[in-house]
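One chain, chain A, appears in both complexes that follow, with chain B as partner in the first and chain C in the second.
On to the complex of A and B.
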């Protein structure tokens, strides 16, 4: 049941009526409905893995309470470790078991030893990377006394399985979502209307931009040997736009649905393509994951390596980014993708450029030439590195790059002509996002500036554009596989 | 050491690392109020503070800090 499906529309409409009209004055029943709805939503995909979600929630619920109860720091550490080992262990089993077996077999074969280790046909439980990270941050935050353990089991279980962000994030922290679950909620028209607009913007990005880009990139990535270098460059451009529009579009919808239920959840993207350097790009891309990794991986690492100063920061960033890459899946492409992104920080750290931050085009309509050049340079690095992210394996990634290194790079790709409309739609998306760059999503600027008639013309125009240019087949979100 | 003296020394470190003075030193000042004081520069600032005052922090102590006032209190407690 994906957001852009009739199944979900029917589910959410029924849920919305029960939530705001039947259980409106009863917080406990509203939360119970969130929990039941979330489990129904999850079971719709595969009911067998629901037990894993419930077991994980139950374990972390009790661990949280015991960590809060004991004053002994060592005991607290052991309890947190139990939670981390259980969570990461499950994740490793489902996500990385075959990768580990294949890698071990390959290493031994280098030394002439042929191992016959069996791999397993495992299905990755949907959303496991997201709810595991939610649970781990909860335990660590309780241990560091940043938050109190949640004693109300309905609230805690609802936090872990909150359906708008269950399958693909944002990875909300307990300090953000739990207090909202504990507070009485009344219908807020402005918040709900903002949520509707955000869902519409997310649908536009997913159905119009991402799916149309996917149509082009799939053909290019699968048959890269048959295309000219300039077409491959065009393919890499469409691919990074696809990933952005798909995932940020999903996040906009998740945040929008949460707003319709009276919740404000974590912003996951902050216009990453307007970033002035790679560090800023990562502060704006998949924010809930990068901030999670910064707090629970990078900070402890950089603290331990702090006596090494800049070298310590570089080591910590590289380890951090390899793990960010690996989080996406069990493939060497993700490891190399993470490693490269970590290495891109080195010149920034050594030159001290990290320490100088400026707000882009502050109080101006357009960016300066220098800002445009910085954006273009950062975008190019991100786009070219994403080829590895999008390739099935490193051999294909190298093949793609080597095919790009030819004089045909300086020709006009024949496919360009047929993609003019898509390029214009991408320009439209970025224009809207540029105008709203100080706000949470791409429609806010015009929502504030336009009167009621203007706003409705904008919404109808967007719906019309979606109807005209959407792909007819229902496609899943890219980040579901992570 | 007086609070104001500690605050002035921290100000010097911030200027050295962040290369600007666009902030006002006060107890309520938090990292989010200061351009460039983020997770990447934070440890450089902390290391300089440790060296200048001859103290050692624990990560748990740093995680509990909300603003400059908390940091000064922590340094005072370490120096006592």
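On to the complex of A and C.
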């Protein structure tokens, strides 16, 4: 049941009616409906893993209560550790077990020892990376007394399994979502209509931009040896756009559906391609993950390495980014992807520009030449690094890069002509996002500027564009596999 | 909430109306490159369907009606059957799946009133999504309630868009006076529905081992077709037309398909009946060239006479 399906439309419409018309005056029942709806939504994918979600929620619920009860810091730390070991252990088992076995076997084979370790046919439970991180942040926040542990199990279980963000995030913190679950919700017209617009924008990004890009990139990545260097460059361009439009489109829809239910959840993307350096890019990309990693990995690490000064920051950032890479999956491509991204920070750290805040084209319609160059440079390194992210293994990634290093890089790719419409649609997406760059999503600027007729014309235009240009070969959301 | 529901109830019809209007304007004025999900192709496309559907309206009481995919309109030559004394009409269309066959039968069966129906069955047509064939019929035939039913069953944006545009074209008679050339590239439309390809040859290719998927969604429509034909008391012959022997033998469950077909009535698999060569009798992996058509049709006529006597 993906967001852009009729199944979900019927599910959400029924849920919405029950939520706002039947259970509106009873907070407990409304939360219970969220919980039941979330479990139904999850079970639709694979009911077998529902027990894992429930077990994880139950464990963390009780751990949270005990952490709150005990005054002994050592005990608190042990309880947090139990939660982390259980969560990360499950994650490691389902996501990284085979990777670990393969890597161990390869390492031993280098020394001439042939290990015969069996790998398992494991299915990755959907959303496990997202709800595990949610649980861990909850325990850590309770331990650091940032939040009070919730005693209402319905609220806690609903927080962990909140269906709009269950499968692909954003990874909401308890301090953001739990208080909203605890208080009565009244229907807010402006929030709901903004949610509808955000869902529409997400649909446009997913169905028109991401899926059409996927159609091109799949062919190029799978047969990269048969294409010219310039086509491969074009393929890497479409790939990074696909990843962005797919994931940010999903996030927009998730946030939009949450708004329809009266919730404000974490913004996950803040126009990362308008970033002027790699640090800013990562502050704008998958914000809920990067801020999680910054708070719970980078900050403690850099604190521990503070005596090493810049070296300490570099080590912390590189470890942090390797973990960010590994979070995406068990493959050396993700490790290298993380490592490279960490390395890109080194010049910024050494020049002292790491924490410099810059607002792009402030009070201006267009960016300056310098800003354009900065954006172009940042986009280029992100795009070229994404080739590793999109390759099946490092051999293919190297193959792709070496195929790109030829004189045909300076020719016009023959595939360009057939992709003119797609390029125009990508331009359209970025134009909207540029105008709304100070707001939460790409339609907000026009929503504010236009009157009702203008807004409706805009929505009709977008719906028509989706109908006319959506890719008809349905593709699953990229981040479901993470 | 009241305001939200009110806005939504007002917005939905506005969107529907505007969408329909935009589809018509887009279809009418925009060049093809901008019409990704609006596939309204008439003259010169999809194997002479425009001429076929124009002609079918003038034909009555035939001896044999041919139904099926491109194997049909490229495989059953009306002229050969005429020489043998059969009045025939070929209602095959590109990638026709049983869903579209049923639609065409509902539209034309009573008028054509055939004594015998020869229905070409190709394993892939039972797993086909039928999109191509639906678009073909929407663009080249007058649309009716059956078209809407078909679109709803297929639930595909290309079909919805093309159907909206098709209704607009029908309503304003925008297709009036359009004619399809008899000769289109290498194809020549022959009266009666056959499409003759200029003689060309294929080559011998080895195919990896393969298996037909026999669990397609289209079987229920196929059974409805058989029911309809039985109800009208029309003789039915199921025929698998020849494909290149190399391709045919690369599939390991041909017998399973044959058994399944035999359970439905008279069935001939011409891959086993005629001996053809990949290169000499085909122009691509699964379409006969004119040399192959002649051999195949003559053998079929022999079978028809055997049945008759």
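Basically, the second predicted complex is superposed on the first by the 481 of 482 C-alpha atoms of A that agree within 3 Å, B and C clash if a C-alpha of one lies under 4 Å from a C-alpha of the other, contacts with A are read in each partner's own complex, and residues count from 1 in each chain.
Keep this in mind: contacts are C-beta pairs under 8 Å (C-beta built on N, C-alpha and C of every residue); 3 or more make two chains touch, one makes a residue touch a chain.
Quick caveat, the model's predicted, so the values are computed rather than measured.
Undergrad: Of the partners chain B and chain C, which touch A:193 in the superposed model: first, second, both, neither?
TA: In the superposition, A:193 touches chain C alone.
Undergrad: What is the contact status of A:456 with respect to chain B (first) and chain C (second): first, second, both, or neither?
TA: So A:456 only meets chain C here.
Undergrad: For A:111, decide between first (touching chain B), second (touching chain C), both and neither.
TA: Neither chain B nor chain C is touched by A:111.
Undergrad: Under the stated touch criterion, name the partner, chain B or chain C, that contacts more residues in chain A.
TA: After superposition, B is the partner touching more of chain A.
Undergrad: By the touch definition at the top of the document, which applies to A:467: first (chain B), second (chain C), both, or neither?
TA: In the superposition, A:467 contacts chain C only.
Undergrad: Per the contact definition in the header, classify A:20: touching chain B only (first), chain C only (second), both, or neither.
TA: In the superposition, A:20 touches chain C alone.
Undergrad: Once the structures are superposed on A, label A:420 by its partner contacts, choosing first (chain B), second (chain C), both or neither.
TA: Only chain C; A:420 stays clear of chain B.
Undergrad: So, A:279: does it touch chain B (first), chain C (second), both, or neither?
TA: first
Undergrad: Across the complex, what residues on chain A touch chain B?
TA: 144-146, 279, 283, 294-295, 298-300, 302-303, 306-307, 309-310, 312-313, 317, 349, 352, 354-358
Undergrad: Would you tell me which residues of chain A are touching chain C in their complex?
TA: Per the touch definition, chain A meets chain C at residues 6, 20, 187, 189, 192-193, 420-421, 456, 459-460, 463-464, 467-470, 472.
Undergrad: How about chain B: which of its residues touch chain A in the complex?
TA: Checking each residue of chain B against chain A gives 17-20, 35-36, 38-44, 46-47, 50, 59-60, 62-64.
Undergrad: Which positions of chain C touch chain A when the two form their complex?
TA: So the residues of chain C in touch with chain A come to 1, 3-4, 7, 11, 14-15, 18-19, 22-23, 26, 33-38, 155-158, 160-161.
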